[in-house]
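As written, the chains take the letters A, B, C and D, and residue 1 is the first residue of each chain.
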């Protein structure tokens, strides 16, 4: 065996199935060996710590324009550093087609946003807002360019919302191309009516955002997406599932044999709708879509994560400054930019609130934060695994660390965190991207802009049968 | 890194989550390293082959007395060699309490059956047929002796069948002791009536065995076991689940938050009840309990295996010679000894019919045949993993091998195989137990009797949280 | 048209489907005509009032021995007068086989209890406690004698409880005979264990009765009864269903095509378990089995009544004096005689809390209190209908009456009512049995002992197809 | 009692709950009395026959324009005579708003079509194709004019199809007005895509109509309609439910407490999709939307009718001549006019295939054909009841009649019947509308055009509570 460049020694390694004590040996940016007493030029001791695959965040919105000059407050430079500080080494951001524009220009725009700026490796999904015949044609080239997933929205009427015919057509086309369709499930038609009624009645506060987006509006759209997938003979990936009602639809779809994949987010696991119901406007900090839900959904979602009914935890990171940005909706909740920051806190929250509090086993934590997202989105086994040949993307977590979340200590470019004051048990202390230490003790020490674009593989419906051939290319 | 004793080189390693190309380095009977180009005193080339954790069979009946001088036809010597030839390196057999006898003597009897005779490592469950107060007391010592699971039966009225009060009491006690209750789910009361009616009507053929044990009798008992577990606040493990109706009960229990684990067997995935319906008596070869089911259940079970709804594939290996043993029931199906041989064919069948035919991913195959049974029954990570520190129990499968199943080529001590003539894609070519090659190219080459008894850990409800402390002791 | 003996004029008549203004003409104890301006020798004006079919109570326990010299406090004389005062004109009481005794003697005993004492017409079910071969034989004669329904209990271990084989055997036999099996659904095995544990822990108060009989113990037994009925190919009637969990099992059974009929009682619609949780012993007044449940079940049961998911409201009238009888359990809830009084209050409660409060339509009220029980138990169309040819059993309800329930005003032979102080909207003001006014303005004015025994028809699975032939005989 | 004009003597009367032998006395077109031996000026003997309330058909399309000069082949004159001959005495036809036109003109048009032409009493629903603000306003006047139900379609994209926002808005408005929304549940978006794909692939035959409208497309739309009703807090009436999948959605909605009413049609109970799959074009005779389904749905629908899960049987009578009309689609199934004749055969089919074959009790037959539709659509108790005060709309059925269905013997203005050659047990022999005999022995003997328009009452969510006030006005 040739010499190793670096060994992370004596830690407890966790994969999506196994937990074992081993050194992790790295050479040329890849994992070269697992063993004990591995010799190396450089050794970092991880005694008493967990060594996990670098986390993969497949739901981010960096540098996302919202119109009227608004852009989500983290760009690829700041957002990727925050991600790295939270143990995330790969992100998949949503490139967004503008209405009336083609897919290529959207892809180009996102490449321009990210190129040379991201501290972690990155890829894109493509959100289709205008599924014209031309756009359907272009999907082939987009897939060939390594962007193998498309998002459609049943919400945001008049903007990104598609109708069922468009949804079906994109699904058929994606299925042909081996691409996976992601879907934002809320019935935008009904929500639009409820919003209109609510505004007409003079109800304009942050909590009215919540009240105009009931769980049934999400469950209905979830059921519909699954029914359409069933009729299209295609798989479907549900983004940011929030509630028991929607989960029930996922279960029913699977019982019928539909290939449904589902993602939730830390905010739905840990926060509830009453946070929006404040006497002042501060509830706006918690406004996103789908909205936070009643507290009893949280236990349901945690159980579904552990049992395997939910496949992925993404962040839906879409930060807006409370001052100046969220405040635009001071007199009308419709003007509050939707979204919460979270790219940095996902893994710490799941480790502490999930694993340390006994709600989530360590293999399931790795599965939902790293292995599953990598696998579903064609990045596996380059990403998402601690195994010989995989990229040496690693995060070392100290289970003894005690951290109180404060937005000042975080690296996200925003003026608050939804988890302010939360005490965490355990925190990442070291992040490596392709064998390079990029975060040490909460400080970014890597090269900014060294993150590379990842061309992703097509979706493998039977992923186990051909993982060897699924290696993504750079 | 110290010298390795043996390296299995260049194979494709599969775990319950990952598939990667790596050498597996072995020292002192344990896995010492995973990497590429590992140096060793001895190297076995596995190019083009899969290297899996040795399979763990948690449902066997070796040397099982049935009364009237009958004993299942494989003992620990013959059965364990057959297991090894099929890639199984650990078995957990059911020690059976006799009515009116204590648990200790049952355990002693099984130790006597196995000691010095098994070619693979082994442990026991304890079947409780007579849950007296004394037996409930003894459970503590049985658990302390490393037998941390107990089986109860809702079938076989007048023999092993317990009532719901006994079931509940054992569950409470097991829960206290950190032991897991396994349950055979069929309503023995109703079956007894149906058998009586059928015999009275002159229906005595093998197919009448099937007809007197309807799927609802299994589903009812499954629902009941789960409801009792729910009221006892205890987990429950369903052995040999056969049909969609019973699976539906498992789903419902989990939706209520009950911790239900479920096992199926290859015979229910691949065979159907019409095999019992022959003009001659040969259908008796396929008589077991619960019986084979209608064909449409097979796809349901395969899907549930892949999706994670079923956790384990055991064999329920309980072989009887057709000549002389099965034939006892020639004129009365009640006299047919129940059970099928299968200890040798589980992994080959799942590899070929599951993985090679695209029904099962390789990680799921490993999970259900090896990692999950090891984990659920307190053998993990000693068994069930390919990771540094784990026992070097490995099976190398050649995906290019083409084998037609014939009972003459198998090592089970019985005069038929239920899969006679089935063409398999892929077959195990090498089995190692604790670093020692015991099977090579279908020949047992190990030391007979070298298998060791495994004291199993207690059941870990949240297994992920403390796997480090779960190491079983010898 | 010949002369009418009596006309109830100008009322609003309600049947299980229709509500219309009409005179009801009576001749020879039967309904002879419906119309307007019917001439008669005698006319009672019912302007502004509702005229309903006399209520049929198919679940009473009059003069029921409990052992140790205890008998339920109403006998057929007092109980039947109370029934009549509450608008009930037919009762079906449970004759109970003693262990080791035959069915005939039980029937004889109950005939002796009732003959010449009941103010309303009556019949019996037969509770089988000891389903010996002899008892199974005798079932034919019991059915021939007009007792066409049998009750089995899954509760009261060591007393009335049967096992699943006995249950199945009785179902098969009943099915053969065209009789209907009623079942008390609670898992007596588990309850026995929970009671034992609770007593052992020193928990002896009335509320501990509730806590040792969880809803799942009822739902499990309900599911089991339905599964057994399914396998027996027989219909099944669930007595006193109390909770959402059990209702869900009824729904599932019906979706599978099982013929399930279900009854609830006013106490489960209107009272909740917290009534048992009193600082003093008075909670014992509310102790029965199955016990009262959490409040949220009430809305579920009301909806199920209105929608048709529940078929019958019975009373399970089984009264015990608080002083001297309930008090036997002062130091041990096991000694509290189980049961509540209610034979008099069913119709008033359903009229006020159901119809007047908008939870129940009038046709559904008639259906569940009168038409359905008559039909299911072979008394229709003699009873349960306002139609030419039916017995002139009528109750006239004044919707303007305002009555506060006080046990002093009721006629039940017991020292309390569970509904003390409840304000009712509407109350029965007139009851006729076979054309004879027996209650007027809350006073019994009929002949005591004039009630007749009703030989009931066999259960008609497809009742609509042959109602003409279903006329019961006296 | 004043003199009766007519008595239908000695028949067996059936209502939605009761079956009894009685004379029905008629005076001034209304039912005046039920009794035995009623004296009258005229007596018709109905010995051995059933006397049912005249059937109410709430789903017809008479004189319905389809564009391109096509009109459904029965107008109010021919269709109403056919209805009467089949025992139907009231019809509620769908008036249809044209796109860009207002509701008033649609109503006017339908009044013009019907006035003075209908042989039976009639009313209208209003189909809204263009739910503009103006149309929403006009709904109030439409309701005030006695048209208290509106239909919306999720199918027929580009024509009648509404989106979810429009649906929700109409539901809110209807709910305000006490009107009921009827909905055609098929996902027009998906169907449009499937049709496009199928035509593109050269599949143009009648069976391709079926294949482009899968059950899931109906179930999805059913689920969506119910979810929208849930969010709108409104009841919803599902027209022409065809399959198990959609029924399951109805069940789920009801379990959540949504007020869902559901209708099926005889064609879905008795015919199956293979009828469209003929070598020649004759399958076009069976083309309608939703299409016929796989045979196994039929038993599911019959059970749901009997159990009460389905509330109504309508006909969706929409006849087209095979020659000249259906044939327009000879080379392209899209050009086949959708619809089947059935206004005349509903009651005969349900009597024979339902009641006589033991699938449906007589009270349920009356409920689904007469009482329920009358009640749900505000015609009760004028229609749908045999009770004093109700219109004397009656149909006398001879259970001994044996009729082989032949289109020549029917009165529908069309050149085929889908039930050609079917042998019926029992047939209507007499129909009365408001006391007047209009059909005798299969011959229409009434006055054409004597049918009157019925102003219907608002939908009563709790119908039982105020049936007295629900009397519709002429």
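The criterion applied here is as follows: contacts are C-beta pairs under 8 Å (C-beta built on N, C-alpha and C of every residue); 3 or more make two chains touch, one makes a residue touch a chain.
As the structure is a prediction and not an experimental result, all values here were calculated from the model.
S.K.: Which neighbours do subunit B and subunit C have in common?
M.R.: The shared contacts of subunit B and subunit C amount to nothing, since no chain touches both.
S.K.: Of all chains present, which has the mean Cα position farthest from that of subunit B?
M.R.: Farthest chain from subunit B, going by C-alpha centroids: D.
S.K.: Counting in whole Å, what is the centre-to-centre distance of subunit A and subunit D, each centre being its mean C-alpha position?
M.R.: The computed centroid separation for subunit A versus subunit D comes out at 51 Å.
S.K.: How many angstrom lie between the CA centroids of subunit B and subunit D, rounded to a whole number?
M.R.: Computed value for the inter-centroid distance: 58 Å.
S.K.: State, to the nearest whole Å, the distance from the C-alpha centre of subunit A to the C-alpha centre of subunit B.
M.R.: Roughly 39 Å separates the two chain centres.
S.K.: For subunit B, which residues are shared contacts with two or more other chains?
M.R.: Within subunit B, no residue contacts more than one other chain.
S.K.: For this structure, enumerate the chain pairs that meet the touch criterion.
M.R.: The complete list of chain pairs in contact reads A-B, A-D, B-C, C-D.
S.K.: Report the residues of subunit D in contact with subunit C in the complex, numbered from low to high.
M.R.: Where subunit D meets subunit C, its residues are 1-2, 12-13, 15-22, 25, 32-39, 251, 254-255, 257, 303, 307-308, 355, 358, 360-367, 371, 381, 385, 387-390, 462-465, 467-468.
S.K.: State the interface residues of subunit C toward subunit B in the complex, per the touch definition above.
M.R.: Where subunit C meets subunit B, its residues are 157, 163-165, 167-169, 172, 187, 189-190, 192-194, 197, 214, 216-217, 219-220, 223-224, 227-228, 230-231.
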